[in-house]
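The block underneath contains the structure these notes are about, expressed in structure tokens.
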Amino acid sequence: MKGILKGALMALTLAGGAAQIAQAEQFDDGLAPHYYNSLKDKKVVFLPLAMSFDLPQVWAEGMQTQADRLGYELSIRDPNWSSDVGAQALTTLISEKPDLMVVHNPDMQVYARLLARAQKAGIKVIQINLKSVATTDAYVGVNWYEVGEHQATMAINACAPEAGGSGKIAIMQGTPTNPNNAITMSAIEDVLAKHPEIEVVSSQSADWDATKAHSVASTVIKQNPDLCGYIGLWEVMDAGVSAAIREADKVGEIKLFTNGGGQKPACDSLANGAFTGYVSYDAFGQARDLTNAIAQVMQSDLAPGEAPYALYTPIRDLTKDTMRDDSCWTMDDVAKAPF
Amino acid sequence: MSVSDTYAKWRYRSVPDHLLGEVLSKNWIDNAIPFAFLLIVVALFGSLIPGFLSPAGFSDLARQLGEVALISIGLGLVMLAGGIDLSVGSTFAMANFVSLALINSLGWPVWAVVPAVLCVGALIGLMNGILIGYLRLRAFLTTLATLIIVRAMVDLLILSYAREVAMSMTMSEAWFYLGEGFILGIPVNFLLLVAVAILVHLVLSRMRFGWHILAVGGSRRSAYNAGISVRRTVCATYVISGVMAAMAGIFYAARLGSVGPDTGIGLEVTVLTACVLGGISLGGGRGSVFKAFIGTVIVLMVTNSLIRLNMPSGSTPLVLGMLLLLAVAVDIRWVKNRHKLLSRVYVSPTYFDLPEDPSANVDATSSYALNDKFRDVTAIGLGDLDGPEDMIFDSNDNLYTGGRQGDIMRFFAPDYTRSEVFVHLGGFPLGLAMDKDDNLHACVAGMGLYMVTPEREIKCLSDETNRSLFSIIDDSRIRMADDLDIAADGRVYFSEATIRYGVSDWAVDALEARGNGRILAYDPKDGSTRTVLSGRVFPNGICMVDDGESLLFAETWACRISRFWFAGPRKGQVEPVIEDIPGYPDNINRASDGTYWVALAGMRSPAFDLSLKMPGFRKRMAQRVAMDEWLYPNLNTGCVLKMTLDGTVTESLWDLSGEAHPQITSIREHKGALYLGGINNNRIGRYELPEADQTWTSQNEYWGRT
Amino acid sequence: MSAPLIEMQNVSKDYRGVFAVRNVDFNLHAGEIHALLGENGAGKSTLTKMIAGVTRRSEGEILLDGTSINFATPAEALDNGIAMVFQETSLVPSMTVAQNLYLGEEKLFNRLRGLYIAAQQFLSSLNFNVDPWANVSMLGAAQKQLVEIARAVRLNARVIIFDEPTATLTPEEKHYFFSLIERLRQRGVSIVFISHALEEALAISDRITILRDGELVASDTTDTFDRDSIIGHMVGRSLSEELFYHKHSEDGARQPGKKVLSVENLSMGSMVRNTSFSLYEGQVTGLFGLIGSGRTETAKIISGVLKRNFFHGGELRYMGKSVRYRQPHKAVMDGIVYVTEDRKAEGFFDQMSIAENIYMGDIVTNPPPAGLTTAGAQQKITEEWSKLLQIRAINPNAKIVELSGGNQQKVVIAKSLTQKPKLVIFDEPTRGVDVGAIAEIHKVIQTLADSGIAVLVISSYLPEILVISDRILVSRLGRVVEEFSPSDATEEKIMYAAVH
Amino acid sequence: MTETAARKATGPAWPRLGLTQETIVFFIAIAFFAVFAVTLPGFLASDNLLSLLQNVSVLGILGVAMGIVVIGRGIDLAMVATMAMSTAWTISLMNAGTDAVSAVLLGLGFAAVIGIVMGILIAYVEIPAIFATLAMSTVIYGFGRLALVDLDVIYVPEDADWLRALSGSVGGVPLPVIWFGLVALLAYAFLRFTRRGRYIYAMGDNYEAARITGIPARPMTVLQYLLSSVIAFGAGIITASLLATVNIRVAQSTMVYDVILVVVLGGIGLSGGKGGVRNVIVGTVLIGILLNGMTIMDLSFTLQNLVKGAVLLVAIIVDSFVNPRDEQTAQQGDI
């Protein structure tokens, strides 16, 4: 419960204006009617990458709660990981003219032109978790470069020879062509460049697939008996890496640093030692950011895209030691939380 | 008339049963199943989604179609030639990347980018084509390998250059126009798609290369034996598929401008699904552009609509998969049963009520009274002839007749014992006529109207008439030219007995008793042929009336003779002359006393007459009973009638024993003798007419010679 | 005679060292009909295919008008005026008759209506009753053959090679065909005519060449041959016994035993229509019919390979009880086996050995203990049946594709007979079988009948039907129309019943 | 007629001493092995070799299942979807508190039903296998996503120790390798020594002949797909045990192509009737060696794909030269 409060608090401080309004709903204080009317009976569409993983589910849950509260209609167009389908859905949406679109970009370009067109057509657009080259009303989400920096720093701190490590680390990438992979990697490379004592023995990609990650990692681990750390770019894929470490009977010996949205299994993995370090970008908090951004964007009378702003998610490094009971959230927490 | 009769009459007049068989015999009917699926999909989603059928919705779909359907057509061609191309998705991605790299990073102009990218697509296609066409590798595995390889190359390129490509943006108007432009409110690429589709359709249906593709897909060995370069053809289909995928990639690049890593992933499955849903068979030979197009429309509609309906993500694959299974299952049944169904429904009898048979209760004084006048008929060319349906004389009294083998025989006057093959026409010459210059005109079954000059020069006068607008059967061809006569102005009027059956199965037409036949006119002035009268029941004999503006024609299964005015004030009218002939009239010819001879090929039987009123019975018979046990009109024993222009039958001549001249399909009076022909005979009969004018010949009288 | 149009000198063709044609001299004059005879696999097709550019020779010279030729493709041969009508029909089934007619010769752009009308004119002028609009897949075997012939004629070739052109034709169509080649000859076209029917070859050819085992054994004008001498040349020995194995009871046919199968009003589409007949134990029933007369379909319905019409499909009574087999499995388990006419497509397993093929039949009806196959059982059953059927193979573990046609056929028969059938249906049991093996197969058939099994033999070869049957049925247009006893059947009577 | 004459007459004889694709691939594998052993330090270490095997053992198990289907002239493009969805359902049932035995039985039952449905579609409705299974793979995925699981990734519950134990090791040998060996052995025995195994060869060799011989071809077809689905479920459970997660997105990945690659590379022709379990093992080992070697060389995933594709291409090109397909005998629709 503390986690939720903390997340909510964070969101509140970030979106100060919205917080004030939320407190004053009984009477006309000069803003409240505008606040409620700007969202009442509006059409908001959420276009995720796919609905089948934790992040969009949390965001959608948050938006749904808000929609129920404020009386807008939320619909979800699920392209199920296909950017072609997503682009088509977006095209269709432009002719359908909803009031606001919340778009989760698969990469930095594919929706860019369409988003610009949507804004031109008078639709407000919020992008989430990966910003495309087109700038729209709001961006809510992670700065992937920061994530990379944090992960690299964690790994260096654990594995540098002065800290008693062998200095050898390996990296497990997702799809190298994927922009968040690319941005995170460039951050990691930038940080590592300043630390010549760290040797990267392997930097393979596993296509976000735990099975591939497992086979790559098991080979790498056998090849490098003195491997100290493994940086993985997504917790789900890194389940494969941790399985390989477990098989090699090197839990604790090889330290795994990964990132993710901070759902409960991540904390479990930290607890049982599968993960050593975890950079959480707290999807729960993102949901709050997102709902606030929706309220804010909808209240603005400016034309779409006229005053863009960003809400970069504060990220948090978790380890077994720094982790607390409320460091991770569950879907239950989200369902119970107010938005 | 009983109630059931009235019902049958009403039922068979109002429902055109025969159209079903005709439609089924058309090749385009193969498109019916996918088209029905499309209609169902449109109806379903149209009712579920408001604005589904709006112009904006159409325009969105059209834009996307302009990409995916291009690939479907390409893959469709490959499948038609018996292959498969799994690498289209990777080629698409490669084209997308290359276009963006060229236009964004290298700043090439659009006119240079497009051909360059098409070349890239063609190259990938060529690689597939060489491996599969020339090295004869298996298509599935080879394109699977190229799928992996090209995809890996795209990924490597993206890895190295994505940032560069993504950072610079072209401002080329032409480029944006490709991706977002409209012509008359229609997306540019959709117009291009339509053009490509029409082009490919024409190539497939009419051009050499298209036929080669169909042949290679239909049977590789046959194509090879026919002298077609199988390897080149197979290779070319892959090149085309590569080019199409590249073209789609260009449009995609112009529309979205993204070098995303998942571009085109799984596209091959989408496109394959589209092709199969459309009904293009894996393994080759069956399919069309239309099918590829329809299949793509269905797939895209389903995918887009399910998303618009806020359906959870599992529903799209679920529905598409089920649809694919259903389509293939239906298609398999269809292919299996279309032929069977066609053979069951093609013969489509209709209701026909023949007037009462006047010979049923005749006495000795009736003009139909039986006699045995033909007992002493003498035979000409006995054993040499095979099916002399008609015969004619030239001005030197030589006799000409046709035969089953396609020869025209000439018997020399005066005793007609000497003969020669005058010409070999082929086909089965049925009706014969002589113009005033002794040019022999012949109606040849299966071939049309021919003329043979006295110098034995053969000329095809007519093998094609005007196509009528609403006929499903292509009625421009002439299948069963039967009998003819030449009008005074030189025009040749000839009958085509039926447009639904050919030389080998014309008798089946009798079961239908529908007006399947017509009368055509050939005009020697401009060489054209027109249909002048259609919808007649097996029109057979044709004979000019002396007034120069009408002719008599016999409708065999309808047992009637009518008069048709082709000129003059009554032009176009038809008037029955006799409607209750006791047999099946065949040829009609002039007699020396100004009356007309009519040959009856057979006599009516009560059983068959009754069956004409029971179309359902005849239909069941055609469906269930072996063909040689069907009830046919009796065409064995007939007679010759003499009738006047007002329809009075004055005389009948019979061969009671059936020995001298068993079957009569034609008669010709010439210099005091009556010559008898029969389509199943092996001779021509000659019957002396002692009281007739011994110098009269039909030709002389008609052409005004003395 | 003038100089030959085509002269083959010392021509050989081998496939990986195995000779299909060896050192053959063959020549063809302008305007002659040249019959090429020989057993199956004697090299007739290979020889002609070398002329037509389908296969290339390994050694020797082929001269056309005195110049050496070596065509790489059929297209090249066609350009030089040599056309071939193939035995395995080489039409594209998914295309229309007209398209097939013009295939390889089509214009760059074809006007469809004109093309179809021209095709109709052309086919009709040959008196071939084929609708140019029809898809070839919908045609019967005879019509397909006619289209092939028409295609070759249309090409205006100087040389036309016909590979078994008459096998599927009705007598009337044959008549048209013969008058066609007569007209072609008069135009100076040379015709090579490969045939099985010796009588035909004797009747229409000018010269006859006989091949045996890939080598030329005789070549002379037709009048120097008679039927016996041709057979002698074909099999390489004068036949001490007849070509066919006769029933041993010369005095008459076997009497029918118990009724095994009765067929009543069986119907399937347009192929089988209301056919009815019965089969009896201990008797060989011959079923004669032209190709397309529904006899194979009837047999396949009985043995469950095909399904009869669901409605009005008629009735099958086997051993007194009504049966409707949807799959052959049930029929085989009940003791009905069908020995196919097309052994390559549906007879044997070509990647298996002889022994495996034979054993496959056995394990279906006699499940081995615990469902486990054993090499011993396989060997035992193979030896037993090899001896019984005189299958001549070096080694029972050789691949079946290495065997000659006759031995392959024996393996297929053995595979079926291991299943302990009560009713055996032989569909064209001696098609494509070496002359020597025919009598042996006939003997097997007779032995079966002697042991009380009901046997149905389908054949379109009249002498065979006459000599092996105790009872002769004739089918036409999908129906059994006539029954003869062998004593009063003649070739003429049977043929008449089959056609009219 | 003597047998030599007969052979002469029937034309080209069966290639007796020719290299089969299996031997070609085997030699390629040996070559890669030798090169890697020399050039890559640590490649020959027994640890590495075991992990090499373990990494491909799931692929190998799927390959065996695919092999059985392909030998019978079928193809199962839905195999990976079956594996993913049935396992995912089992695991999510366990997460939801169902006891392990019933969860496994339900998952197994689901896989079996899929196999039976596919078999019926192919054998009775007579839909070509490639379509039926392609369509079924999306149907299974869609159905599973819609009705059974709503997350791409499902974590194995903490308390499912028995499941984790499935991928432990016995005497230093990882269990997955032993499972692979076991499945291969059973499949070998089934194909080689049982009546039904022979039926599968017969059906793949010549389906019509098999029917006419009286083989119950339709039930046998159903059996094939049933077997492949059940084996796929097993492979899925082993994967889950190995990774402690199940990822259903694998159902839409190109993994099924990898399985086909293994089967075909080993020399089981897609036209059926040929090959056996040994071929699958050869193909699997080659892929294993390649992947392992390239991982050691630290080649990127993309580059590995490129090499994999190239090796496949080379293998089929070499095969086409060693065992040329005659244009004339190339089967229609033999894609």
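Note that the chains take the letters A, B, C and D in the order they are written out, and that residue 1 is the start of every chain.
The rule we apply is simple: contacts are C-beta pairs under 8 Å (C-beta built on N, C-alpha and C of every residue); 3 or more make two chains touch, one makes a residue touch a chain.
These figures come from a predicted structure and were not determined experimentally.
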{"item": "Chains contacting each of subunit C and subunit D, listed by label", "value": "B"}
{"item": "Chain pair with the higher count of C-beta pairs in contact (A-D, B-C)", "value": "B-C"}
{"item": "Between subunit B and subunit C, centroid-to-centroid distance (C-alpha), Å", "value": "33"}
{"item": "Centre distance in Å when subunit A and subunit D are each reduced to the mean of their C-alpha atoms", "value": "37"}
{"item": "Geometric centre distance via CA averages, subunit B-subunit A, whole Å", "value": "64"}
{"item": "Cα-centroid distance, subunit B relative to subunit D, in whole angstrom", "value": "49"}
{"item": "Two or more partner chains touched - positions in subunit C", "value": "none"}
{"item": "Subunit D: positions in contact with at least two other chains", "value": "145, 150, 252, 300, 302"}
{"item": "Where subunit B touches two or more other chains, by residue", "value": "155, 159, 219, 221, 224, 266, 284, 312-313, 316-317"}
{"item": "Complete list of chain pairs which touch one another", "value": "A-B, A-D, B-C, B-D, C-D"}
{"item": "Subunit B residues touching subunit D - in the complex, by the definition given at the top", "value": "82-84, 131, 135-142, 144-149, 151-153, 155-156, 159, 219-221, 224, 230-231, 266, 269, 272-273, 276, 282-284, 312-322, 324-325, 328-329, 332"}
{"item": "Contact set on subunit D toward subunit A in their complex", "value": "42, 45, 47-48, 51-52, 54-56, 58, 145, 150-153, 155, 158, 167, 169, 174, 239, 242-245, 247-250, 252-253, 291-292, 295-296, 298, 300-302"}
{"item": "Residues of subunit C that touch subunit D when the two form their complex", "value": "15-16, 18-20, 40-43, 46, 213-214, 303, 305, 327-329, 331-333, 337-338, 340, 345-352, 356, 360-361, 363-365, 367-368, 371-373, 392-394, 399, 401-407, 415-416, 419, 434, 436-437"}
{"item": "Subunit B - residues contacting subunit A, complex", "value": "51, 54, 56-57, 59-60, 63-64, 155, 158-159, 162-163, 166, 179, 255-267, 300, 303-304, 307-308, 310-313, 316-317"}
{"item": "Residues of subunit D defined as touching subunit B within the complex", "value": "121, 125-128, 130-132, 134-147, 150, 252, 254, 257, 260-261, 264, 270, 300, 302-303, 305-306, 308-310, 312-313, 316-317, 320, 324-325, 327-328, 330, 332-335"}
